[in-house]
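Questions regarding the structure given below will be posed in turn.
As written, the chains take the letters A, B, C and D, and residue 1 is the first residue of each chain.
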Amino acid sequence: MSQVLDTMAGKIETASTNGSTVKPNAFPMNGKKATRFGFGEGLVTLGEKYDNIVVLGGDITGSVMTSYFQEKFPDRFFSAGIMEASATLFATGLALSGKVPFFASYGAFAACRNTDMIRISMCYNDANVKIGGGHAGISVGPDGATHQVLEEIAITRVLPNMTLLVPCDFNETKKATIAAGEFVGPVYIRFGRVDVPSFTTEDTPFEIGKAQVFREGGDIAICACGPMVWEALVAADELAKEGIDARVINVSTIKPLDTTTILAAAKECGAIVTAEEHQITAGLGGTIAEYLVKEYPVPMEFVGVKDTFGGSGDPDELMKLFGLTSGDIVIAARKALSRKK
Amino acid sequence: MSQVLDTMAGKIETASTNGSTVKPNAFPMNGKKATRFGFGEGLVTLGEKYDNIVVLGGDITGSVMTSYFQEKFPDRFFSAGIMEASATLFATGLALSGKVPFFASYGAFAACRNTDMIRISMCYNDANVKIGGGHAGISVGPDGATHQVLEEIAITRVLPNMTLLVPCDFNETKKATIAAGEFVGPVYIRFGRVDVPSFTTEDTPFEIGKAQVFREGGDIAICACGPMVWEALVAADELAKEGIDARVINVSTIKPLDTTTILAAAKECGAIVTAEEHQITAGLGGTIAEYLVKEYPVPMEFVGVKDTFGGSGDPDELMKLFGLTSGDIVIAARKALSRKK
Amino acid sequence: MASFNFHIYPLETGFHGSTRPTAPADLVEAYGYNGFTPFSNSADNTDDYIASAAKEIRRDIIRSLVLAKSGHSGGPLGISDVMATLYLGGVMRYDAANPWKAERDRFVLSAGHMAPVLYSTLANSGFFPKAELLTLRKLNSRLQGHPGRDMGLPGIETSTGSLGQGLGIGVGMALADKHVSKNDHRVYVITGDGELQEGEIWESAMFASHWKLDNLCVLVDRNHCQIDGRTNDVMEVDPVQDKWAAFGFHTIFIDGHNISEIRAAFKEAAATKGKPTCIIAQTYMGHPISFMNDDYRWHGKPPNPEQAEKALAELV
Amino acid sequence: MASFNFHIYPLETGFHGSTRPTAPADLVEAYGYNGFTPFSNSADNTDDYIASAAKEIRRDIIRSLVLAKSGHSGGPLGISDVMATLYLGGVMRYDAANPWKAERDRFVLSAGHMAPVLYSTLANSGFFPKAELLTLRKLNSRLQGHPGRDMGLPGIETSTGSLGQGLGIGVGMALADKHVSKNDHRVYVITGDGELQEGEIWESAMFASHWKLDNLCVLVDRNHCQIDGRTNDVMEVDPVQDKWAAFGFHTIFIDGHNISEIRAAFKEAAATKGKPTCIIAQTYMGHPISFMNDDYRWHGKPPNPEQAEKALAELV
């Protein structure tokens, strides 16, 4: 891990997605940028590298940033209007013809409108299709519940042959997108709409299937995905003030799960908190719980949306209201610690 | 529980879904009947009782037994052809007009083809829609993987406002269907194609949200749903021969989970095996693991399909091949026991 | 035989926390929202009366969007003449004071992103105080970014926002009215033209004609615009009218900004028996605001304060 | 610029366990499967040659279904004349000995439940030994109840079985050929008529015409039957031809049991530029078996041994 941490030197800024001011330990915040821009840039990099990367548009290309690819490679961009179910089928046909197709829309439609297509055409075919699911989580903001998808981690990870990526910031999302394009098999990548802290660098290693310890610690492990990783780092600093040494793990690949890193965390820390911008049902927390009860059960607490739909509001207001801040992670960590034997 | 067990007197037959011969303890097998027939009969009972129960057909009415209702109440049955996504929307419109609509198809299409509709129209509206998902699990047999849905427990339970029922045999499926019709809110009921042992009686209590201890035992708890409950009872008898006293719990309501019964099982037995005809990812096992790691972590083993698609074959062959027999539960129980502290 | 009775309206499960957002008092004052008397809904209302209502509906759309700082301007402004006619021209039968009254026609905005025009129309028709329009898209507002039934706002028959779903819900309502309750209620559904790219539209259309739902009237907002551009560039939906006809609908093509054409079309729809009707209304996105008119880039943008001022100045 | 290369064909991940099912030797013997020489695929083949092939395809459908004890008889028998023409009339370009060869036309059976006719046609065209037809629907057979790409059976381009999905996959293939690889390959897709009730059919149709995929030929098996009954009772899909025309397709209506009409239609499709073609083939479910013909109850039933014997007797 030191290899990772070494890459993290740099000036310390202050802020969090929720405006509180903190000093994250090894990961200084380097401005804010929405993860969707990483997806858009990653597609362009792939397009420059390979001539068989193709992209299907879903009439929200400017929101999920497939517009970048469209501008650079108009001949390999195909507008599919508003038909997410069939776009998934077109992508399958392209993949079965040797192309590497990406289709992106809001996760609410890129994972739910086409679930049968993902299951049977994409995954049962083991077709080399990549789906980008944007506008993930409550932080979508004022558009409200219909657009705030909080269920797709469960919906995609249950499918055989699927690889599920939930990168933590702009840089990692770009790397994850490129890695997805160079990986053979069905992949779903989850990213968000609003600007969130950028804290990994271009040199931070990324590997599909590998979770990363972003902060060492032996009292408790916080396993997070997406922008909640930043909240976890902020929470770890808060906990440090109380003398609690929290390990922070970036679980950017949810399927397949990096069981080695998770098992080590359970054994060495003895308690785990998971943090995700998703329902606490069947998401990252469930993924880790399912593994640990079979290998090494430890007390866990889940930070996430508590089985309710979202609503309109400012992203920061909503993250607070639905219990998705560093403060919520701190409280969960204290609770998990108190349950440690 | 004794109340439940008392109702179980009766002659002892022998057999299991996999042909092995055994003597289940409190629950004699009373012939075999597919759970889908319970769904069909339950609909008729509801239709006789209430004039606003309506049914939408999905061109497989003879397979999911909505044909029973169609024959008795042709004026309240509406053929919707092959459009599972929109049928879910029609049902929502009916529910928002004060009707109690049931729509049934194969689970592969009743939970996956319409996931966005279930999420936004049915659940976000909190519409009083009931969906019956048939042909659940690998036991569908020769039709093969596309029709053997193993993912819908995950897909439906992650949705807010949803109630998820997976009854264990014919009698319970009939009761669950009637209960669903008399329950206000979105409900998904899972049932199967092939004949499976009938072992509960007309008097066996059923209540949405209540798990039932079908066999007392203090060494280990086997939590199962659907026809796997019978396999669990058979496994318990096998384990008894080894002096292992297994509690068998019928988790016929997966959402909301009966946490009281599950917590008691964890505390009193100290180890749990889950058994479901579903992916071991995010299903019944995940539901219980997610709850227990937060309350009372114990060693668990999952019996289910191991993250692969199914295939053609005879139901019994497939149940063996994919590890869904009483024998698989016995092995899992031994393993979980060996991990008990 | 008894009915299984259950509570349908209104839900208020969508509130998280306790307080609702409040409208800025100075603006409520400035816009004269407190003294406001709702427009009447009558077949006797003149086209001019409806046109003036449409203008007020548009003003309130601008006022709510500029405060919300996000949301959709183009579609709502373009469909305002249709909405004014539907709610105030004696087309829809409803009781604004008793919005969930069993005896009512139903309206479903399948293109949920056009919520601002629905809210503005409902407020101007007396369903709720206009001041509430100024809470659009705010935390715990009953005016969600997309219609949310879980907020219990009077007049919101169903949540929408995922394109292609509202029509099927409306079809289910029409089925309940015609073949189960067997009453004479009518159901009106508005869809976008880009929305027609969703297959559920055609599933629902096929079902509606199979079941001869002549109590259903679909109106397509044919503005030739969607998010990524002109509809024929993004995904050609023409020949729209042939498609609906081939799916068993009686079809009518009209100028969606001509009140009398709109009224006549709704009359013709109500008089058409044995099949559902689809009205294709040619409109212009953002109409009539000079700097928005027919420009797809206004699909999902709110006006900034300067633009709002200019727009309101054009709406006097 | 380089391509990102990855392995596409064949997958064999669907095997669970190790052994494949074997065909009963006595039947392989009785049916003369070992000595069998596949039919040839040529535009020069006479209609009689193709008709005789269709008859053999039907015989093998019956033989495989009676052993499987489950599966679909009606659709496969009804579409056999079309399949024989497609594979043996010089319409599709393929190399049965080298099934995954890049230079090939593609076939997608969108109505996946009709798998028995696909398997029978492929075996009779030389893609794999006919004996394997007798393992239909058995554990670990390459002949799954619905086509499974995970079994690597030569000629199976994609898994299908969920109605409405195969067409979109074929459209994606046609897009890859016409606008990415820019080759002259053609894609053929067969859908059922009940299948047209799935909205993805119309999404895919809209996309195919928007992108002018004239290398795509869809054939609708218009047998007026689906599981629950006659298509017009279950869910009216007429006017089918108007629907496809309104969705931008060149349409041709033919007698699906007339080899020369089928050939002419495929020729016309190949000659049609600028738009995809949809051939609506009027067929009879279960044709020509006397006790199955035009009877929807044969949609999903296999013949029992007596019925199989009778059927085979009618196919000499």
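Heads up, the rule we're going with is that contacts are C-beta pairs under 8 Å (C-beta built on N, C-alpha and C of every residue); 3 or more make two chains touch, one makes a residue touch a chain.
Since the model is a prediction, treat every value here as computed from it, not as a measurement.
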Neighbouring chains shared between subunit B and subunit D, ordered by label: A, C
B-C against A-C, pair bridged by the larger set of C-beta contacts: B-C
Rounded Å distance, subunit A centre to subunit B centre (Cα mean): 32
Euclidean distance of C-alpha centroids - subunit B vs subunit C, Å: 41
Length of the line joining the C-alpha centres of subunit A and subunit C, rounded to whole Å: 36
Approximate Å spacing (C-alpha centroids) for the pair subunit C, subunit D: 45
Where subunit B touches two or more other chains, by residue: 79-81, 83, 85-86, 108-109, 113, 116, 120, 124, 145-146, 308-309
Set of subunit C residues in contact with two or more other chains: 148, 150, 159, 161-162, 197-200, 203, 206-207, 210, 235
Pairwise touch network: line, ring, star, complete, or other: complete
Interfacial residue positions of subunit A with respect to subunit B in the complex: 85, 108-109, 112-113, 115-116, 119-120, 123-124, 145-146, 151, 154-155, 157-161, 279-283, 285-287, 289-290, 292-294, 297-302, 307-309
Subunit B - residues contacting subunit C, complex: 48-54, 75-76, 78-81, 83, 85-86, 88-101, 116-117, 120-121, 124-126, 128, 181-182, 184
Subunit C to subunit A touching residues, read off their complex: 14, 16-17, 68-71, 112, 137-141, 144-146, 148, 150, 159-164, 194-195, 197-199, 226-228, 233-235
Complex contacts: residues of subunit C adjacent to subunit D: 197-203, 206-207, 209-210, 235-237, 239, 242-243, 245-248
Partner subunit B, residues of subunit C touching it in the complex: 1-8, 11, 13, 148-150, 157-159, 161-162, 165, 167-177, 179-181, 199-200, 203-204, 206-207, 210-211
